[in-house]
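After this come two complexes, each holding subunit A, first together with subunit B and then together with subunit C.
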Partner chain A sequence: MRILICIKRVPAPGAKIPLSDDGQEIDTTYLGFTTSPHEECAVEEAVRIVEKVGGETTVLTLGPPAAEEQLRYAVSVRANKAAHVVTDTTDWGPERTASALTQAIRSMEAKEGPFDMVFFGNESADSAGYQVGIRVATAMGRPIVNGIKEIEVGEGSVTARRQVDGGFEEYELNLPLMLGIKEGINLPRYPTMKGRLASRKLAVTPFETTAKCGGLSKIELFQPKEQTSNTVVLGHGPEAAAKVVDVLVDLGVM
Partner chain B sequence: MSVVLVMVEHDRGALVPGALEALTFGRHLACDLGLSLHGVTIGSSADALAKQLGHYGAEVIHQAHHEILCDYGPQAWGETVAQLARSIEAAVIITTGTDSGNEVIANAAARMDLPMVANCTKLLPRQGLWELVRLRWGGSLLERASLDAPVKILTLAPNRFEATLEPGAGKTESFVPTLDPCLAQTVVRRRVVESKGISLASAPVVVSGGRGVKSAAGFAPLEELADLLGGAVGCSRVATNNGWRPHSDQVGQTGTRIAPQIYIACGISGAIQHWVGAMGAKHILAINTDPEANMVHKADYAIIGDLHEIIPAIVDAVRTAQN
Partner chain C sequence: MNEVPSRANVVVIGAGIVGNCLVGHLARLGWRDMVLIDKGPLPNPGGSTGHASNFIFPTDHNKEMAVLTLESQRQYEEMGVNTTCGGIEVARTEARMEELRRRMTSAKAWGIEAKLLSPREVKEEVPFINEDIILGGFYTPSVSVVDSLRAGTIMREQAQEKEVLEVFANTEVLDLEVEPSPFKRPRIKAVVTDRGRIEADVVVIACGVWSPRIATMAGATIPLTPAVHQMADVGPIEILQKTGNEIAYPIVRDMDTFMYERQSAGSMEVGSYAHRPIFHRPDEIPSNAESALSPTELPLTQQDFDPQLEDALDLMGDILETAEIRYAINGLLSLTPDAMPVLGETVEIANLWSAAAVWIKEGPAIAQMVAEWMTYGYPHVCDPHGSDIARLYPHERTEHHIRARCGEHFNKTYGIVHPREQWATERGMNRSPFYPRQEALKAEFYDARGWERPQWYGVNKDLVVCYELETRPHEWDNRWWSSIISAEHLHMRDKVGMVDLSAFQIFDVQGPGVVDYIEKMTVNKCDRPVGSSIYTPVLTEGGGFRSDLTVLRLGDFHYRIVTGAFDGGRDEYWFRKNLPEDGSVQFSNMTSAICTLGVWGPNAQAMVSKLTDVDLSQQHFRYGKVKDVLIAGIPTTMFRVSYVGESGWEIYTSMQHGLQRWDALWEAGQQFDVRPVGMGVYGTTGRMEKGYLLMGAELESEYTPVEAGLARKGVKKADFIGKEAYLKARDEQPVAKICALTMDDHTDGTGVKRFPCGGNEPILTLDGDRIVDGKGRVSRVTSAGIGPSLGKFILFSYLPPKYAVAGTKLKVMYMNALFSVTVAGSTTLFDPENQRMKS
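And now, the complex of A and B:
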């Protein structure tokens, strides 16, 4: 089984998302970076499948040179190979991103044969366009379903389940296929010593692209109006419990 | 190019929340642009909705029929919307910004090779180029963007718009798309029903724990309190990542959006990705050792102190009051 996972480097903000003065970017001076959570789970799922049925996993990212950090992290949690479409630091937009990823996947497949499965996140954590995976799958003529929280690999086909209100929807897809994964499908492992060593030695395959800008262009980012509250402090420590009962009664939940 | 087409999202014949709001939004837009409003429902399970959709201003309701459209299937639905939009020369395509609404419309846009905008909160139609505002980061950040496309394809952010009545002609027309049989693989094959008590999304009370709870066992008093109040237990991503709670309990950007009467957040700092899941709560009680925690600042009520002492005391007080 050959599985490719598309991952994106995103900042990891805390209580607020700080912006640059011109509103063009998130101010990442004091922020760390991570992989979008859905995609972190997609990497874990691919690694588990390969551990079970054999094969190889490759991670692919499109982003600035520093996105190599996320590729190396994926290898430290047992992904095997990594490929990188290196961009400048600007936002590429969903159409351009999808067409650049498609180009990279096509050239990888031309060299080493098709990927049985390609995993995406349900949506990227930062721009949340809900479309890059669908565009790649459409361009390559492969089936894709989003929101997947359970995968069972059979002979030549895969059963994929997605959570909906009150249960699961089940799909059965033939290989080769693509899936959009949701956090909760598994609990990702932490890197091991051995994994960290492997990630340090990793040779990342670079890709160039001719993908053109799409029709959606960012003008600026801004914060939503902040919801402030005049917090009523009911007290300090367990003595405040009686006041909680008053509040619960007032709100009609007791 | 004289039509605003709204894909009326439904689940096996039942409208999803936001569907009528999207239709209403489409009607206002059609009115502003001097276009006419059409709706489309996919699959015969939704045929019975036509009359109701007429009450929200749809002039024509296209009812898409095909054997592959017997249940939800994002690629088949997307292809259907794309074919219909081409045949009626739609200028705008709109639907709800749910996971499936976004999925179908992204498939339609990909098939038409056009841009698609997820989760819009505002639209400023101009000649040619449109300006709009959309959600990023699950709603923690907004983006002002321009859209340059011959057909504008977008979804509407949830809970931002209202549905209002306005009679329309509501004429129904059957539409039979040409669908490649291979699209059937991404149609729902089987449904598994799973009822597990009160759902987090609709619970009237949510008692939630984060890093401050410190262990899986530490959640026992929170469960007890939730039980007493007929509520559900929630958690932060730290609790999920440590394996203390299942992911289905997680509140936030990559978890569940909740809307209880009261949210009791214990040992949760209130990171922005958690907050976007919690902000739908009518009232918030934060229990935290740190009076400067973001959750405390955003809460209506707070108790400062150790949750391991405070929650059992609340459980006792509630029990006494209930007896």
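And now, the complex of A and C:
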């Protein structure tokens, strides 16, 4: 089984996301970077499948040179190979990203044969466009289902399930196929110290792209208005009980 | 939001280990109406305390840190948050083994149980260690892990229970208001927060990495930088899980790779001081809301940590290889340019205090120290000169300097640092006018808080042959030392030498109130005729040494204060702080305006006389007197005195005349074979032969003039700071006296001659027991050096009276070996009648 996982380098912010002064970027001076959580689960799922049925996993990212950190992380949790479409910034917009990834996948497949499965995250953690996987699958004429939380690998086909209100939708797909994986499908492992050190020796295959801009363009990022709430201390200990009752009565719950 | 009170006696900013313990200690000392604020939530507001490794290795070569660490560990134990697990510092190199032997010596000095282990014995304690790559270990059974967040909570709640403290979490300081004063420093007035304004008599900044930012609001400086310490939590590890304990195995410090491995329940915490220095700016640290973890737990920069992972795998591969990296951070902590805390009142703003750059291991005792300092005017727990914020000169408070020095010492956190080790960065800051001549004379420059001072001169190498001097056989003893020092010493005693003293810190005080002022500040009577000099202790209210210095009376209303380069900052702070409120005394720091040259030796008088018409004989220019003299047409102030026991002068002149005066004296001295003489003679060999004591070595606030042998027969009528305690000390039998000891034999068990460096080596009984005086102070070497004219190696130490008897045989421990020493009759071993200085 040959599985490709497409991952994206995204900032790992706290509760409040700092923005650059011009509102064009997240200010990442003090932020770390991570892989989108859906994709982290996709890597884990691919690794588990290969551990079970044999084969090889490759991770592919599109992003600036620093995105190599995410490729190495994936290898430190047992992905086998890595490829990198090197760009100037992290976020190219879904149309251009999909076009570049399609080019890269075609080029990889031309050399080493087709991937049985290509995994995407359901959506990226930063821009959340929900489009890249569908665009790549459409361009390559392969089936894709998003929101996948369970995968069963059969002979020449795969059963994939996604969660809906009150149950699961079940899909049967023939290989080759593509899936949008959703967080919760598994609990990703942490890298071991040995895995981390091994990942340092990884050779990353670079790709150049001719993909053109198009589709969406970003106008501005802004902070949502802060929800301020004043905390009123009603009192301490048993003396506060009467006031608590008043509040509950006001709320109509008593 | 709750409003803060409009007034308080003291506002403590920062609720980490220091701020919390500080309010606890202040409450015990009777302070009331206190407010503690922090911009983060409690109990973990997001500062360095929250991610600290929380372990304590008590042994430290530095006395101040050793005392503070041991006392902190005791307080953690008293609070029930101290878990003893033991700790082993392992050596991968022979040089480290020697360092571990040195640590054995310091452990002995501070009364800490410790032993050296073979690799096999280390393995018995830590079964998962790779004993093949280590040479041995230094085992301290009392190493412990503490719960610093809990300790802070306990101390804070103690103050709250006494109803003397209000606590405001999630409260940000917006500004500090100060009030100007016409003749003194501005004074702190109020703290402005996002919950309102608090007027306060005293404000303490205990904000760790944010301290410089808060201090700046008042126009004060707290010189530290936030710096990264990388650590990772890796697990699960079966052998650790099986213990069922937070910590069951000894903590391992892998000293040669600058790393540690500490069990944390079922996983191992791996920390490093080996990566490149990574600094941040206090203003740029993200807020609590913006942080993924906390403001001081920044994302790990993995590539910096990777080499350390390899080192850790070498040492503990069996358990670490498959362990998962579950939590890894670039943790922020505070570093200062000399790696000591910054404590005490800020020099710029009255009643604004700093309690910063403090680590968990010393937090509670430092809080106690600052609380005592605020309460009594000086700390009781120990002398604070190493961590007093006033020690740092203006150039040492710049980001430029802080980053350079911290960049240099960060990787020495677990390094082997020689007691005489010199800084490599930020050199050449302060140079005397003689510098070009000294360079030509092949001076070996040492740094004295910015000042470049020749320690010895390469051109004097020929004297080593003349005097048939030997080098020291052990590299460590020989490091940062030269036999040229002894050669210069002997030459000066035979002929004449010139010593650059331009690093002297010189303060002029003048005005109608100056006599009362100077008398208030000093122990010995300064109201003496114009032209007099007064060597005098300066005391704390408790009667211990705050300083020792020389006062020259230059006019009826004009005194000059001369003190050392290492003490200038603290002394300037103290003299400025105590200026009268009415403006009747003006203080000027003249250090940059005046350069000083010492000329000493039997030929000094003949040499200087060639350049002046003034009669320089003892008859006309007596010892201790000060005169204005023209030397080769240059106006100078000559002061007949000596710290090296020879006839001669300190000659002061304006900086711009300095080089001309050097050249004139140099030329005049040629027929007398004048030689340049370095600080090795001035500060060690000459000084120690004469029994002169040094501030920060023998002289500390823990000791009195009576114990230091510096109490005069009478006591002046005028009142002075510390007088009451001084009178009391004079009435009591001292429980310790400063003594000179000489080494009987230098040869250690391996047949190598050793020469102690003067780094707190313990003085022991013949049975090898520590000697502790009636006040709990340990007898240790405060200074050590060769007395070339005596042919003996001299040690200074305070000893209880029963040992302070001439001829008493004792031992000194050095590098874990014992050497025989004998107590001398007096500290002045050379020319005890001072005939040479007065001839």
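Here, the second predicted complex is superposed on the first by the 230 of 254 C-alpha atoms of A that agree within 3 Å, B and C clash if a C-alpha of one lies under 4 Å from a C-alpha of the other, contacts with A are read in each partner's own complex, and residues count from 1 in each chain.
The criterion applied here is as follows: a contact is a pair of C-beta atoms (placed from the backbone, for glycine too) under 8 Å apart; a residue touches a chain by one contact, two chains touch by 3 or more.
Worth saying up front: this structure is predicted, and the values here are computed from it rather than measured.
Student: Applying the touch criterion given at the start, work out whether A:V145 contacts subunit B, subunit C, both or neither, answering first, second, both or neither.
Tutor: The answer is first: A:V145 touches subunit B but not subunit C.
Student: Which partner chains sit in contact with A:P114 here, subunit B, subunit C, both or neither? Use first/second/both/neither.
Tutor: After superposing on A, A:P114 lies clear of both subunit B and subunit C.
Student: Touching A:P18 in the superposition: subunit B (first), subunit C (second), both, neither?
Tutor: second
Student: Which one hits more subunit A residues, subunit B or subunit C?
Tutor: Looking at subunit A, the partner in contact with more of its residues is B.
Student: Is A:M193 touching the first partner subunit B, the second partner subunit C, both, or neither of them?
Tutor: After superposition on chain A, A:M193 lies in contact with subunit C alone.
Student: Using the touch definition from the top, say if A:A125 reaches subunit B (first), subunit C (second), both or neither.
Tutor: In the superposition, A:A125 contacts subunit B only.
Student: Touch check for A:G55: first (subunit B), second (subunit C), both, or neither?
Tutor: Neither subunit B nor subunit C is touched by A:G55.
Student: Just checking: does A:Y30 make contact with subunit B only, subunit C only, both, or neither of them? Give me first, second, both or neither.
Tutor: second
Student: State whether A:E172 touches subunit B only (first), subunit C only (second), both chains, or neither.
Tutor: So A:E172 only meets subunit B here.
Student: Thinking of the overlay built on chain A, is A:P64 touched by subunit B (first), by subunit C (second), by both, or by neither?
Tutor: The answer is neither, since A:P64 touches no partner chain.
Student: Looking at subunit A, which of its residues have contacts with both subunit B and subunit C?
Tutor: Residues common to the subunit A contacts of subunit C and of subunit B are 13-17, 231, 233, listed in rising order.
Student: Can you check the complex and tell me which residues of subunit C touch subunit A?
Tutor: Per the touch definition, subunit C meets subunit A at residues 1-2, 234, 284-293, 298-300, 302, 306, 309-310, 312-313, 320-326.
Student: Which positions of subunit B touch subunit A when the two form their complex?
Tutor: Residue list for subunit B touching subunit A: 11, 72, 74-75, 78, 99-100, 102-103, 106-107, 109-111, 114-119, 131, 135-149, 155, 182, 185-195, 199, 201, 204-205, 229-231, 237, 240-241, 243, 246-248, 250, 253-255, 261-262, 269-273, 279, 282-286, 291, 294, 296-306, 309-310, 312-314, 316-318, 321-322.
Student: What residues of subunit A sit close enough to touch subunit B in their complex?
Tutor: Its residues touching subunit B are 13-17, 26, 37-38, 94-95, 98, 122-123, 125-131, 134-135, 137-139, 143-147, 161, 163-174, 180, 182-184, 187, 214-224, 227-229, 231-242, 244-245, 247-249, 251-254.
Student: Sort out for me which residues of subunit A touch subunit C in the complex.
Tutor: Where subunit A meets subunit C, its residues are 12-18, 29-33, 69, 189-194, 196-197, 200, 230-231, 233.
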